[in-house]
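Below, each structure is written out as C-alpha cells.
Each of the two complexes below includes subunit A, the first together with subunit B, the second together with subunit C.
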Partner chain A sequence: MNKRHYKFKPDKQRSDHSERTVRIIAYVFLTVLCFLVILPCLNVISEAVSPGTDVLGGHVFFWPTGLQFENIRYILTGTSFLHSMFNSLIVTIFGTLISVLTTIGTAYPLSRPDFRGRTIITFLYVFSMIFFGGMIPAYMVVKTLGLIDTYAGIILPFAIVQFNMFMMKNYFEALPPEVIESACVDGAGDLKIVSSIVCPMSKPVIATITLLYAVGYWNNYFHAMLYTTSTKMQTLQVYLKNLIANIQDTLAESVGSTGYSQNLTSDGLTASAVTMSIIPIVLLYPFIARYLVSGITIGSVKG
Partner chain B sequence: MKKQLSLLLAAVMAAATLMGCSRNTSGNNSASTAGSSAATESTDASPDSSSQASSETSTATSELKGPGNVTLSFLGFSLDFDPNTDVMAGVIEDTTGYHAEYSMLPSDGADEKLIADVAGGVDYDILKVTVDQFQKLQAQGALQSLNDLLDSYGQDIVSGLADENMWTAFSDDDGNIYGIPFMNEYPRQIGFITCRKDLMEAAGITELPTTRDDFYNCLVTLKNYYGDDYIILSAANGWDAVCKCIAASFGIYNDWMVDENGQVFYMTEHENFDDYINFMKKLYDEGLLDSEFAVNMDDTVHEKLSSGRAIMGGSDHSAQIAISTSLIDNLGLSLDEIGYICPLEGPDGTCTILAGDSVNYVTCIPKSSENAADVINYINLKVQNQEYICIGEEGVHFEFDEAGNYIPIMPTFTDEKGNAWWYINATDTETYAKQWLARVRKSDYQWDAFEKTTIYTEENHPDIYVDNVFLYKPATGAYTENNTALKNDLFNYMIQVIVGTNDMDNGMTTFQNDWTAAGGEDVRTDLQTWYTGYYE
Partner chain C sequence: MQHEVPVSSKAATQKNFRSKCRKTWLYIKHHPTMYLMLLPGLFFLFIYKLLPLYGIQIAFRDYNIFLGDNPIDAIAKSDWIGLKYFQRLFSSSQFFKVLRNTLVISCLKIIFLFPLPIICAILLNEVHKKVYHRIVQTVIYIPYFFSWVLIYGVFYTIVSSYGVINTIITSLGFERINFLTDPGNFLGLIVFTEGWKETGYNTIIYLASITSIDTTLYDAAKVDGANKWKQIWHITLPGLLPTIVLMLILRIGNILNAGFEQILVFYNPAVYNTADIIDTYVYRIGLGQMDFSLSSAMSLFNSVVAFILIVGANTISKKLLHRSIW
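The block that comes next holds the complex of A and B.
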C-alpha cells in the first residue's frame, strides 16, 4: 500500500501543481477581463463628474480629477432625460407583462399534442420568423391601427418574439404529461392548468423569457424611433442617440445662456447621460443575473 | 367561473382593440380622414406617378383656413431640445396666430424614418429636411407643387430669396416648385487652420504663413523644434478644412469643376491634382501631418487641438468655441496666442475656395397635407416678422453698436433665441445675413475666429471665392443618384494614396475604372448637359 501510495504521490503533486497553475492563469485572465469591463465604466463616470477643462484637455482617465455635477444637473433639468426614462420604464414594464402573458398563452396550446391546427399555426410562426414583410408594410400596419406615437405602437408589434415563444413551448413540452392529465381528471380547465400547474412548474423559463423581453424593450432603438414622432414619446435609447449626435450643436448654441457653464462639455454631458441611463439596469442586475446565465440553455433540449 | 372569466377576457380584449384602432394621433379634427386619404395617396408616391402627381397637385391648392383655425404639424431635424416647450413655440404662435405641433426626425436613421412617415401617410404639413432628403422625396413624387400657393400667400418668401435662380434647384423640368430653401446664413464663411502661436513663436516663427511654401517651411521648423512631442498638423480624413486650405493653393476647390471653355471636369482631372496629392503625401511621409489622418474625424481633430496635443488643426468658427475655451482655461493661453490660417496661396498666387454650401435645409409640403395654403401663409408670416422671431426685440435681446451691427444681450438672447434657427423655414436672405452675425457674437472666441478668417478674407481677398455653378441644378438625373457615392470613393482614394496604401500611378487606373462603373461618366454628362443648357 505504502509503495502504491508512494507511487501515486508524485502524480497527485503534479496534478495539484498543474491545477494551481491553471487556476492562477484563470484568475489572471479573469482579472484582466474584469478590468477591461470596469475601466471604460470608470472612465465614463469620471468624465461625468470631472471639471470640464480636464475633460476637454483629455486629462480624465479612470478617476475623477475633481467633482462637479453641472453636467448631470443639465441632463436632468435642461433636457428630456427624465421623461425619456419614464417612457422607457413604461414600455419595458408593460411591454414585458404583455409579452410574457401572450407568449405563455401561445406556447401552451402549441405545446399540447391534442391541439387542433397546431402544425399549421406553428408553421406560421416559423414562417414569420424567417420572412419579414418589410419596414414600410409593417409601418403602414402600425399606422393603420392608429398606433403611431403611442406606447402600444412600441409594444404590440413585438408582443411575441417567436424565438422566445418556441423556447417556452419546448419547455412546456418537456413537462411530465401525467401532471397535466391528472389535473384534467380532477376537472381543471386549461386556464386553471396553466395558472396553477404549468406556470409554477415553469418558473425558470418564465424568468428567463421575462428577462429577454425586458432587455429587448429597454434596448429597442430602431422601432421606438420609427413608430414615434413626437419628442414626448421619445424613449431613453432614442434620447441618448440624439443627445450624442447633437451635443456639439447644442453646446455651441447655448454659449452665454443662463445655464451655460465651462464644465459643460460634449464628452461630459454624454458621459453623464450614459451613466444615469444605466442606473436602473445596474440596480436590477444583482436580482436577475442568475437567470441571465441559466436562461441561455433553457428549452434548448427537449427532455 | 370559467365562462365568466372567458367572457371578461374577451370583453377586455375587444375594448382594447377598439381603443387602439380609434386612437386620434394628430389632435386634428380631420385626422382620421386625413390619415386614410394619406394612406391611399402613399400608393401614388412612386416614381412612375411623379409627373402625373406634380401636375395634379399644382392645381390642388387648398383653401386658406386662416390663423387659429388649423393646427399645423411640423417635422424638423434632430436637435437636443423639445420644440413644443421651448419659448420659441409660443413666440411663433403669438406672432403668426398659428398653433403648430412639432416633431423631430431622429439623428440616426433619419432617412428611413422620413420615408416611412411619408409613405405611411403620417399627417405632417411641413417637412424641414436636408437637400438630400428633399431630393429623395421629390424623386418619389411625394411632394406638393408650391407655385400657386407661393403666388397667393408667399410673396415675402419669394421676394426674400435674393437669388431668384435658386428656385430652379427645387423645381422639376416643368417649373413646378417643390421646396423652399433656407439659405446658408453667411455663404462666404470659410474653414481654417487653428494654430498655437505660443508654440510657433517659441520655435522662432513670428508670422502666420499665407503661402503654401511658407506653410511647409513652418511645419518643418516646428517638426525640427518639437520632434514628436506634438502633432504638428492634425487633419480629418477626406476633405476637411486643412485639405481645403491646402488644395486652394493648387486651384482645387470642389469635386466637380468647370474650365474656362465651359467643360465640366472631375477633381482627379485637374491639372494640379497629382501635385496636390503628392504635397499631402510629402507632409504625411515627413511626419508633418497627423499619423492618424486616415481615421481622424473632425471632432477628433478638435479634441487634439483642445487638449494641446496638436499645434495646428482644421477648425471652423463654431468648433472654435470649445477649442479656445480649453486652450485658454486649461493651458493658460491668451486669445492672442491662438492664430488662424486662411486658405493658402500657391507660388503663382493661385488661391480658390468654393463659396459656401448655400442651402441649409429645404421646407416642403407632403401630398397628404390638407393645409398647404396655411403652411405657406404661416411661413410667409414668419418671414415678415423675421427680426423679432430670429433675434428678438431691440433692448431686450439685442442692441445696435455704432456701426449698426446687431449685438446680442446675454444671457437673454441665448436663453430665448438660442433655438430660433430650428423653427426658421425661409428668410429674407440679405437682412438675415446681418442678423445672423448676432449669433456669432455670442462668444468672443467664436467672433475672434470668424472675424480673422471669414470677414478678413471677404474684405481682403474677395477674388478667391468661386461660385458653385451647379447650385441651381434641379434634383434630377445621374448627379443626384450617384454623386454622393462617387465623392466618398474619391476621398477614400485620396486618403489611400496619401498614407501610402495605394499607389498614385497604378491606383489611378483602377480608380478611373471603378469611377466609370459607378456612374462617373453619367454624372459628367448630366452636369455638362445641364450646365450648357442653363448658362449658354
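The block that comes next holds the complex of A and C.
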C-alpha cells in the first residue's frame, strides 16, 4: 500500500501543479469579471450622492466623495419617477398574472397526448414563434383596437410568449402520466386536475415562468414606448430614457424649482434616477435568483 | 389496417375518417373545459400574432393610413402596387448598409461574446470554495435583470465626457473619447454592454451542463496521470460540446437579430452609418417617417430570411443533436 502510494506521488505532484495554475487563473479571471460588473454600479451610485463639485471635476470614482441627497430628492419629488414606477408595477403585476394563467391554460391541453386538435394548435404557436409579422402590422392592430395609452395596450401583446408556453408544455409532458390518468378514472374534471394535481407538481416551472414574464414586463422599453404617448402612462423604462435624453431640461427645471445648488448636476441627476431604478432589482434579487437558475436548467435540459 | 387498404381503400379511408370524427366529437363532449382553457391563449395568439400576418400585404400595396376608418381597414382600401417597394428597397444603398451593419454587429458579438460564458463556466467549475463560487455566480448574474435602458443609464454616466472612463483616459495623457458618437467606439460599447448583460446568464447554462458530466471520468483521468489542462480539454469540453453546438446553431439562426432594443436605446444620428440595423431602420422609416410600405417590405424580407435561418438551424440541430428547438 505504502509502496503504491509512493509510486504515484511524482504524478500526483505534477497534476497538483497544473491544478494550482488553473485555480489561480480562475480566481484572477472571475474576480476581474465580478469587478467589471460591480464597479460601473458603484460608480453610478457614487455619482448620485457625491457633492456636485466633485462630480463636475471628475473626482468621483468608485466610492462617494461625500454625501448629499439633493439629486435623489429632486428625482423622487420633482419628476414623475414614482408615478412611472407605479405604472411599471401595475403592468408587471397584472401582466404576469394574466400571462401565467393563459400560459398554463394553453400548455396543459397541448401537453395531453390524447387531446384532439393538438397538432394544429401547436403548429399555430410554433409558426407564430418563428415567423414574425413585423412591427408595423403589430402596431396597427394595437392602434385599431384603441389600446394606445392604456395598460391593456402595454400588457396584452405579451399575454402569451410562445417560448415560455413550450417550456411549460414540455414540463407538463414529463410529469408521470399515471397520476393524471388515475385522477381521470376517479372522475376529476380537467380544471380540477390542472388546479389540484398538475400545478402543485409543477411549482418549479411555474415559478420560473412567472419570473420570466415579470422581468419581461418590467424591463420592456420598446413596446411601452411605442404604445404610450402621454407622460401619465409612461413606465419606468420610458421615463428613464426620456430623462436621460432631456437631462439638460431636467437640470434647468430642478434649479428652477428648488433654487440654485452646486450639488444639482446633469450627471448627478442621471445617476440618481439610475440608482433609484437599480435599488428595487437589487433588493428583490436574492429572492428571485434561485428560481431563474432552476429555470435555466429546466429550459436547457428540455430544450 | 395495412391489409384492409388494398381491398377497398376508399371505403376504408372513409370509415377511418368517420371514426376519427366520432372520436374527436366524443373527446370534445367529455372535455369541454380543455377547450375553454385554450381560449384566452388562442384569442391573444390570433389578435397579436396572427392578425399582424394579414398586415404583411402593406409591403405590396401603396399603403395610405387615411384611406380607411382605422389602420387595418385602410390596408384593403390601398392600391396593389406589386413589387415596387421591394425594387426601391433592393436598389437603395440604405438596404445594403443596414444589412451589413446587422451582420457586422452580430458577428462581432458572436466572436467576442460566444466563448466568454464557456470559459467562465469551465473556470467556475474549477473553483471549489463554495462561498466564492456563490458570490461570483450571484454577481455576474445580476445584470441580466437590468433593462437596456438601465444599462444605458449606467454606461451613459461612466462614458460621459466627465465620467470616470474619460477621467482615467485624460489622466493617462490621452484625449477625451466620446463613446456614444464615435462610430468605432460605439460598436465596442455595444459589444461590451451585451457581454456585461448576458455573460452571467449564459455561464449558468453551461454550468448546468457541466454538472451533468460524470465525475468518475475525472477520477479515472487523475489515476492515468492527466493534469488539469488535459482533464479540461479531454473531459469538460467534450462534455459541454452538445450544449456549445446547440447554442451556436441557435445564435447563428438568430444572426439577423443584432439586438434591437439595445441599439434603439444606445444609438443616435451620429452613428447611424455603422449602428443602424434592420430593426431600427424598419422602426425609424416606418413609425418615425410614416413610410409604412417601404418599412414593411424591409420587415418582410427580414422575417422571411430569419424564418429560413431558424428552420435551417432546427434541421441541423435535429440531425446533429437529435434535439428540436421547439
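In the analysis below, the second predicted complex is superposed on the first by the 273 of 303 C-alpha atoms of A that agree within 3 Å, B and C clash if a C-alpha of one lies under 4 Å from a C-alpha of the other, contacts with A are read in each partner's own complex, and residues count from 1 in each chain.
Basically, contacts are C-beta pairs under 8 Å (C-beta built on N, C-alpha and C of every residue); 3 or more make two chains touch, one makes a residue touch a chain.
Because the structure is a prediction, the values reported are computed rather than measured.
In the superposed model, A:K241 lies in contact with both subunit B and subunit C. In the superposition on chain A, A:L56 contacts both subunit B and subunit C. With both structures placed on the common chain, the touch criterion links A:E178 to neither subunit B nor subunit C. Residue contacts after overlaying the shared chain place A:S18 against subunit C, while subunit B stays out of touching range.
Once the two complexes are laid over each other on the shared chain, residue contacts for A:L147 go to subunit B alone; subunit C is not touched. In the superposed model, A:G189 makes contact with both subunit B and subunit C.
Partner contacting the larger number of subunit A residues, of subunit B and subunit C: C. In the superposed model, A:I136 makes contact with both subunit B and subunit C. Once the two complexes are overlaid on the shared chain, A:L226 sits against subunit B and subunit C alike. Contacts of subunit A with subunit B, set against its contacts with subunit C after fitting on chain A, overlap at residues 56-59, 135-136, 139-140, 143-145, 156, 189, 191, 222, 226, 238, 241, 244.
For subunit C in complex with subunit A, the residues that touch the partner chain are 23-24, 27-28, 31, 33-35, 37-42, 44-45, 47-56, 58, 70-73, 75, 119-120, 123-124, 126-127, 132, 135-150, 152-158, 160, 162-164, 166-167, 170, 196, 199-201, 204-205, 208-209, 222, 225-229, 232, 243, 246, 260-261, 264-265, 279, 282-283, 286-287, 292, 295-296, 299-300, 302-303, 306-307, 310-311, 323-326. On the side of subunit A, the complex with subunit C involves touching residues 11, 14-15, 17-19, 21-23, 25-27, 29-31, 33-34, 36-38, 40-41, 43-44, 47, 55-62, 101-103, 105-106, 108-110, 112, 114-117, 121, 124-126, 128-141, 143-145, 156-157, 159-160, 162, 165-166, 189-191, 194, 215, 218-222, 226, 237-238, 240-241, 244, 267, 270-271, 273-274, 277-278, 281-282, 285, 288-289, 292-293, 296-297, 300-301, 303. Taken in their complex, subunit A has these residues touching subunit B: 53-54, 56-59, 79-80, 135-136, 139-140, 143-150, 152, 156, 189, 191-192, 222, 225-226, 229-232, 238, 241-258, 260, 262, 265-266. Taken in their complex, subunit B has these residues touching subunit A: 2, 5, 20-25, 35, 39, 42, 75, 78-84, 101-104, 106-109, 112-113, 115-117, 119-122, 299, 303, 306-309, 318-319, 321-322, 325-326, 329-331, 408, 410-411, 413-415, 418-419, 421, 442-443, 446.
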